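In the two assemblies presented below, subunit A is common to both, partnered first by subunit B and then by subunit C.
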Partner chain A sequence: MQLTKQDIGRLLAKQGILIAFAVFMIGFALANQRFIAVDNIAGVIRSSAILGVMALGVTFVVIGGNLDLSVGSMMSFSTIVVLDLHDKIGPALAIPAMFALTLCLGAFIGFLVGYLKLNSLIVTLGMLSAIHGLTLTWSGGKNMDIADKAGTWFSFFGQDRIMGIPVPILIFALLAALLAMLLSKTPFGRKVYAVGGNGQAATFSGIPRARVVFYTYLISAFCVAVAGLLQASRSLGSQNTVGQGMELEVLAAVILGGASLLGGSGTVFKTVIGVLILGFIQNGLLLVGLDFYVQYIVTWAIIILAVWLDVAAKRGRLWSPIA
Partner chain B sequence: MTDQTPVLRLEGIVKTFPGVRALDGVSFDVRPGEVHALMGENGAGKSTLMKVLGGIHAPNEGQIFVGEEPVTMTSPKQAKAKGVVFIHQELSLAGELTVAENMFLGELPLKSLGRVDWRKLYDDTDAILKTLNVRFNAKTRVGDLSIANQQMVEIGRALTVSPRAVIFDEPTASLTDSEKVVLFQVIAGLQAKGVGIIYISHRMEEIFKITDRISVLRDGQYRGTVNTADTNEDEVTKLMIGRSLDLSRSPVSHELGDVALEVKGLACGDLFQDVSFKLHKGEVLGFYGLVGAGRTEIAETIFGLRNPSAGQILLNGQEVQIHSPIDAVRHGISLVPEDRKDQGLVLGMNCRDNMTLPQVDDLTAGPFVSDGAEIAIFDQYRDKLDIRTPGWRQLVGNLSGGNQQKIVIGKWLSMRPDVLIVDEPTRGIDVGSKSEIHNLIRELAAQGYAVIVISSEMPEVLRVSDRIVAMFNGSVMREFTSEEVTEDNLIQAISGMGAKVA
Partner chain C sequence: MTNYKDMLKRGAIWGFILLQLAFFSIIGDQLSVSDQPFLAYDNMLLVLKQSAPIGIIALGMTVIMINGNIDLSVGATFALAAIVMLDSMTWPFMQALGDWAIPLAWIFALMTGVIMGAINGIIVWKTGVDAFIVTLGAMLGFRGLVFMFNGEQPTSHLNWTLVDFAEAQFLGLHTATWFLLGTALVLWLLMTKTVHGRNAYAIGNNRDAAVNAGIRVGPHFIWNFMLIGFLAALSAVVFYSESGSVNPNDGMLYELWAITAVVLGGTKLAGGYGSIISTLGGVLAIQILRKGLGHIGADTQTVNLVIGLILIAVLVLDRQLNRKGHGELKI
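So, the complex of A and B:
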């Protein structure tokens, strides 16, 4: 088979983000050798794991045609709750209790957006604030710390290694694989694409739209609970604001991966790539000696550029008088 | 008239997209005061040609002339400045703004300091509206107007410049018969002013009624221009699809089976009242009426999208409760909805996934969707319905209207329904695919399916139905057998003339 100009164009449009990622990696590697050192790469993946786990869940919500801006504040909640309960009822009970409470929050959002059909932007923006209040009420505003930090097995999830690989990376990879299968291989996954791609057509096809949306928020909340567990286990103590701002980073990763904010497109694999790109961009900027604060500016500039190139690839030119 | 300079002339227009020659040397001209029909099947290149004219696509070869002047169109706005304006099929108006604001959008008359000159705006608008002979004024909110009147606003917008050529794209798609008459008067008025008109439509009756010449495209190629007066439908169809069509009614003789669906006294609020009918296996029951007569609403109620306020639905003699499409699907009812793009398909999904969507839960191996089972269904219905697509991976949004409709029909046929409801089976579909779909519906009945066809096109209802239910204003006026029905008595029934016949 010969590669025609058209095939190359299609490849660019389809895999543009991967190609951009490769170019970007090579560029930074040339600028600073340390960037591609094994320990640096492992470090980036490890520090991206928590963000990544959250992004996996939000991928479902976004493909289903909605937004979830509550994940950052929900992650703070999970972290604080599991740390508090650790000392009160022990880690073996604290973990399932934290998961149950976080899933309740997800179910509540899923009910509002799915069944009551409220706008997801408003609902999750409201929940961002409400859950922050809930967290502060729970903790009384104080930082939460585990009393006996040396003597608990709870640190396993965030700090241990299995066969030399950090546990957070393993959990991220395992969850990504499971959710990738759920999304791409099961009837449920197909319905998420249908509901996000054209909700009315999904209804006309006998798909329970409300229930599908409900489940996407439940999946998102589950991922947040996992992220909270990793966060709590890594630091064994936390402020009330540990997840603050992460909702936007998560969304950025999902968009960088190429999921459409209008719903109906995106994959788990692409989100993982988006998470890694984000992680490597931030790491690369630090390594070339830019101030930490510059990250905020550069990260978002790159994301907007990515979105622009994405639509440009779809309509075949950089600018168009019609959408 | 032949010695006049054409207002618009295209010469050897070629437009290629990667792998496709969408337009291959198209040349024709529009004379002043002429209505020039542009015909062709979906995918023949009409839309691409219009986009070239509107400056959205740049042609690879060829030249556009406005009058004597060669022009390069770069945007719809520039085309308008040159006097070439478009009346689009899908209206592009801002519903919250007034008629005047919509008509002069982007070019509001200004006073000093950038303030809008409202008086001039309203006066100019009303002057144009007067020539259109409409009943609303410049200050009416566009969202409050009917579709037909919104179209008049679009036309009014075209008249804010002195157009030399006006292009109408399927202007009658959502108009009633009386609204069409008004539109045709407006078109005649433009003609009288010497404006050249390109009229794009699939509807033969209209083409033969109002156009002077017909140009035909097929597969991106220009197939010729004929004088309307010197030709007939059959000849034009041959130019369009390269063969002739049998458009006569071809009833398939077969025995009717048991009653598959019975509806007794069904009502839904103000939408329709006291609707009763029976549908047999092997029968096509046509529902005919004006837009808003309640036909679609009945279908949606049977399919569980609306809750009935009274009445019973019986399937195979058993009363059933249907509260959602999920219930309907479980009871073996399928609905091919009237709006293919909004209700029928997920355009960003591939052909196979669209087709298997309602039954994806049943096509599993373990917890996963079985690729093999899905492809088997797709292949079966692709062959059965003669769906033309490069493969199942093709996104549905890239198919032609006729093939999209076949995907929706395949989607519901593959459920092996007891009752198949098809709402507007051929809306926006070219003649070739149209007759294929008509034949298909007859064939399904012959195979024993119970089919309801809802249509706004009388020839279609007459052609496919064994019996016809005529509706007016939410009520069943009369039921006709195919022997009784004539165009006259059908029109009388759906316009509310004469008493209701039980």
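So, the complex of A and C:
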């Protein structure tokens, strides 16, 4: 079999992100042995877990053809709420209460975008601001700290290990596996693809578009609540702005994983790869001895290259035909 | 009928501003602890002055959004231009120039903005990747460049001539206000009286039709991205001439504030519809709300909550007024 130029192009476009990942890993490993040490890899995954959990939820929203810019400030909200309630009603009640409140926010966004069909970019932009205000009102603008940091089992989620594996990694992996199953093996998952791929066609074939979009935002809010739990449990204290700016990093990871902002494409597995690439690049560049800001510039190049490859493969030529 | 509706929509933001002014001056003055009325001349001047940094960026964002694009990197460009301006004044050859270093530092900063915009524009044109993604990447990349200068340390350089200039008042208005109004006038002329402006609407409305009509879409994009880069830098120049110190994290979320102001002014995300003057209204509405809530002694945190909810309410209202559902996001 002869490999034509098109075949190579298609392979690059389809698996480009995995190939890039492999090249990076090998490159960094050759440059610094410490990079592939088990504890380093575990450290990177662990510190990516919070971003990763949020990216899992946003993957659903993006595949459904929408955006979620509110996840960062929503994560600050859940972190602050759970820390505050921890001292007031105890951790066993605080956690479900925080999940309920965060899901309410998700349901509100889902209602606006799904049922009222409002533009998701502006709705979640508005919610970014509104939830930030809500968080500040809740905390009175002060940092939130747990009074008795040593004597609480609440630190389990962010700091403990089970059989040597840090709990955040376990939760991230478990959630990723569950959501991957939901997206690829269930009718609901197929509906998400259908709604994002062609909303009108989905409606005509009897798929309740509004309800599916609503559920994607619920899933996103659930993931944000988990991320908030991990964050709160890891640090046992927090600023009001802990999640600020994460919405765009999360989106970068999802896009890096190959989900199209048009909706209808992307997978949970690829999003995980996207998250890991961001995490390992950050770590690798530091280990090689470069300054921390180089990672921003490298991420910039990678995001654009990844999407460019994807777009180029779809239209069959490298450069845009726009005059 | 349609004209009447259109008038109503265009006037809506000014009606909202009047409502705000009435509310804060009648009810607000009752609640307020300060003995100065809300509508005091000084207070209104301050509203105008403080609208300038976000306002200048939002005006440029209007052009970009009428074009059917978006720019998420303006906050980072803002910080980069600010740091170039303040850092360049400490270079030895610049210090030798005395006060002549000021215009040169301004030119450096503005050039930085133009170059950053051009980079975004060229990438959008040549790769065909959507502006949302290109500028999302650039937001991180440009921020990286900001950190290159001084790491996480703030960069400061106070030049008193510059501060005097920034704090000066000409015909009663502050320097920053003049820059805001000047930018609005120039962009209004650009968008309503020139071929470039007409093309911007045409491209935003229907890109394929514009291409078929012989408009060179690619270069047009580059010009507009250079324009918003320039304006982000101008905003930085105006703001940091007065404050004289920039943190590497400054300007974060400015893109979101600017977009909020533009949307409040009624510009459509999908492109092809919007006006510079209405954006000016959107900018003022946000600043009056901020000031007004402060005036009645509400916590500053309420501002975020209220603005977020107003943004969503505007969207719901807009949908009721215009049920055609033309406003889907094109990315």
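Heads up, the rule we're going with is that the second predicted complex is superposed on the first by the 308 of 323 C-alpha atoms of A that agree within 3 Å, B and C clash if a C-alpha of one lies under 4 Å from a C-alpha of the other, contacts with A are read in each partner's own complex, and residues count from 1 in each chain.
As a working rule, a contact is a pair of C-beta atoms (placed from the backbone, for glycine too) under 8 Å apart; a residue touches a chain by one contact, two chains touch by 3 or more.
It should be emphasised that the depicted structure is a prediction, and the values quoted were computed from it without experimental measurement.
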Please work out whether A:A20 is in contact with subunit B alone, subunit C alone, both, or neither, and reply first, second, both or neither. neither
In the superposed model, which partner reaches more residues of subunit A, subunit B or subunit C? C
Would you sort A:Y193 into first (subunit B), second (subunit C), both or neither based on which partner it touches? first
After superposition on the shared chain, which partner residues are touched by A:N119: those of subunit B (first), subunit C (second), both, or neither? second
Counting only touches as set out at the top, which of subunit B and subunit C does A:S265 meet: first, second, both, neither? first
With both complexes superposed on chain A, which partner does A:Y293 reach: first (subunit B), second (subunit C), both or neither? second
Is A:F204 contacted by the first partner subunit B, the second partner subunit C, both or neither? first
Kindly classify A:G133 by the partners it touches after superposition: subunit B alone (first), subunit C alone (second), both, or neither? second
Between subunit B (first) and subunit C (second), which does A:I255 come into contact with in this model arrangement: first, second, both, or neither? second
Touch check for A:V307: first (subunit B), second (subunit C), both, or neither? second
Intersection of the subunit A residues that touch subunit B with those that touch subunit C: 320-322
Within their complex, state which residues of subunit A touch subunit B. 5-6, 9, 181, 185-187, 190-191, 193-194, 197-198, 200-208, 264-265, 320-322
Report the residues of subunit B in contact with subunit A in the complex, numbered from low to high. 18-19, 56, 75-77, 305, 324-326, 328-329, 335, 337, 342-349, 353, 357-358, 360-361, 363-364, 367-369, 411
Spell out the part of subunit C that touches subunit A in their complex, as residue ranges. 72, 123, 125-130, 132-134, 136-148, 151, 211, 216-218, 252-253, 256, 259-260, 263, 269, 299-312, 315-316, 319, 325, 327-329, 331
Sort out for me which residues of subunit A touch subunit C in the complex. 67, 69, 112, 116-123, 125-134, 136-137, 141, 244-245, 248-249, 251-252, 255, 261-262, 291-297, 299-301, 303-304, 307-308, 311-312, 315, 319-323
